[in-house]
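Below you'll find a set of structures to go through.
Two complexes come next, and they have one chain in common, chain A, joined by chain B in the first and chain C in the second.
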Partner chain A sequence: MLELAIGIILGCCALGAGAAMIAGIGPGIGEGNAVAKACEAIGRQPESKGDVTTTMLMGCAIAETTGLYALVIAILLIFLAPGRFVNILLEAIK
Partner chain B sequence: MKIKSVKFLAVDILLMILAVAPMLFGIALKILTNPASGGIEIAGARIYFTLKLPIQDLPITESQINSWLVIFSVFWLCIYFTHGISEKPQTKRQLIAEWIIETTEKLVKGNMGEYFSGFAPFVAAILAISAFSSLLTLIGLYPPTSDINIVAGWAILVFILITYYKMKCGPVHYLKSFGDPVPFLAPLNVISEVATPVSMAFRHYGNILSGTVISVLIAAALQGLSNMVLGWLPGVLGEIPFLQIGIPAVLSIYFDVFSGCLQAFIFAMLTMLYISSGFPAEDYKKRKNKKIKSEVN
Partner chain C sequence: MKIDKTVTKETVYIAGCVFSMSIIMQFVFIIIGEWNYTVLLGNLLSFVAAVGNFFLMGLTVQSAVNKEKKQMESTVKISQTLRLILIFIVTAVGVTAPYFNVCSVLIPLFFTRIAIFIRPFYDKITSRGSDK
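After this line comes the complex of A and B, so read on.
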């Protein structure tokens, strides 16, 4: 029975990490849009390439934030959460 | 001091050795303390030893040691660059040093305005420490920036600076700025204020850590793949990791070099933008003018 419980905990942590990374879709679309518009802008005004590139990188970094929050949660779920949940379970059984 | 005298050269070599020595020390420490492990593993920073303190024990980890090594290395490198500096540039490295200073000053003035031009050394320090810390992966050391404690420390420092410059017009003005545009939005403003350092820390740490994790996963996958391809050969021939030669290096150009330098740049840019945008420049000018007037009267 204990093995089953621990297996459920590990499996659910892995599933949760996978589900959390669905958030990667958002930054992907957002950064793609940003880069597309930056390319258009550079095509229109090639002389402003430096400024556009800097601004685009900044925008990309900020758009990436939500994806990185998801990444941090996924990493916590994979590396930290299983051990902690199993400890809680073992203490509850005692 | 005369260029190309023996003394000058000796000091040069000494400074170079001092700049490289921390890295060698870090590699030696890693080799001596890390137990030999068979497979590829993803692990956090190793704890070297724990200091006993009254409130809570303070573990001294790999990331702390490595960030101190980076600090020493950058320090000696700076002294090396400015060694033998003179009005007329006599050495190539003086030109490099001047280029670095001019670029950062231009960057800071362009992004923050004239009032903050004194911020150039701070921004340059953040850039150097962050970039060098991320590039530590290239020599096989644990990058301190992939530990959230280090990056969160920098983010808290930046947050203190932001709050200091927001408080320039007095605490009342600072508290009033939370009730902008409507007072009942104050809780949201507080949350967005707190989210600034959190997002800065997570952005830097997440990018570097994800690069490390992906590099390790790819190395492990390539090892498995080359085992599958060559596994049927007898003896040592079957264990040649031929796919692991070269391919991880190409990926490392993106994940370690490009991503590390880009994150350092973004951290510095965000620092500048947050500090200069949080500073109420017009109100501060009005306040200063009022003070001058009242003193004159």
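After this line comes the complex of A and C, so read on.
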């Protein structure tokens, strides 16, 4: 029974981490669109290349943070949460 | 490949901001009495990951600008995925290895966002300085 409970905890943590990483898809699409639009802008006004690149870099970095939040949640769920939850379970049994 | 001036300038700005915020974080750890060498090592690892990620993103954007639209989108998507995997490996090492403090590994990853948030204020201050 205890093995089953630990297995459920590990499985749920892995599922949660996988679900969290769905958020990693968004920044990739967003950055791709941002760069495409920025290139159109540079094509129209080549003299504004520096300004557009700076704004685009900042925009890409902001978009990427969303993926990083998800990554941190996934890492916590994979590496730290199972140990904590199993400890709580074992203490509850005692 | 020649590195664009804008990419270098922005990376230096981000590195400076992340470094300053890392020092503040170290002081916070000292104040709350949780400081030891693992905090410093974790912060170093995370600093390299955060700044390296931004620099690689800058290089990707720089190279993508000269490509065609379809190719450019796929380049950025692939780069984003690879960088995410790279950060995952670095943070996984930081979280599992006993030489790094978990909080000091994870927190500096978000300093880039704060650096971008304070960018308009920094620009205002530097433009005022150059006007005088």
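Just so we're on the same page, the second predicted complex is superposed on the first by the 94 of 94 C-alpha atoms of A that agree within 3 Å, B and C clash if a C-alpha of one lies under 4 Å from a C-alpha of the other, contacts with A are read in each partner's own complex, and residues count from 1 in each chain.
Just so it is clear, a residue touches a chain if its C-beta (ideal position, glycine included) is under 8 Å from a C-beta of that chain, and two chains touch if they have at least 3 such contacts.
Bear in mind that the values here come from a model prediction, so they are computed numbers and not experimental data.
Asks: With both complexes overlaid on chain A, does A:Glu64 touch chain B (first), chain C (second), both or neither?
Replies: In the superposition, A:Glu64 touches chain B and chain C alike.
Asks: Thinking of the overlay built on chain A, is A:Val72 touched by chain B (first), by chain C (second), by both, or by neither?
Replies: Both: A:Val72 reaches chain B and chain C.
Asks: Determine, for the superposed model, which of the two partners chain B and chain C contacts more residues of chain A.
Replies: C
Asks: Which residues would you name on chain A as touching chain B in one complex and chain C in the other?
Replies: 54, 57-58, 61, 64-65, 68-69, 71-72, 75, 79
Asks: Show which residues of chain C lie in contact with chain A when the two form their complex.
Replies: 4-7, 9-10, 14, 53-54, 57-58, 61-62, 64-65, 69, 72-74, 76-77, 80-81, 83-84, 87-88, 91-92, 95-96, 102, 106, 109-110, 112-113, 116, 119
Asks: If we count contacts the way the header does, which residues on chain A are in touch with chain C in the complex?
Replies: The touching residues are 24, 27-29, 31-33, 35-36, 38-39, 42, 49-50, 53-54, 56-58, 60-62, 64-65, 67-69, 71-72, 74-76, 78-80.
Asks: Mind pulling up the chain A residues that touch chain B in the complex?
Replies: Touching chain B from chain A are residues 54, 57-58, 61, 64-65, 68-69, 71-72, 75, 79.
Asks: Give the list of chain B residues in touch with chain A in this complex.
Replies: Per the stated touch rule, the residues are 42, 44, 199, 202-203, 205-207, 209-210, 213, 262-263, 265-266, 269-270, 273.
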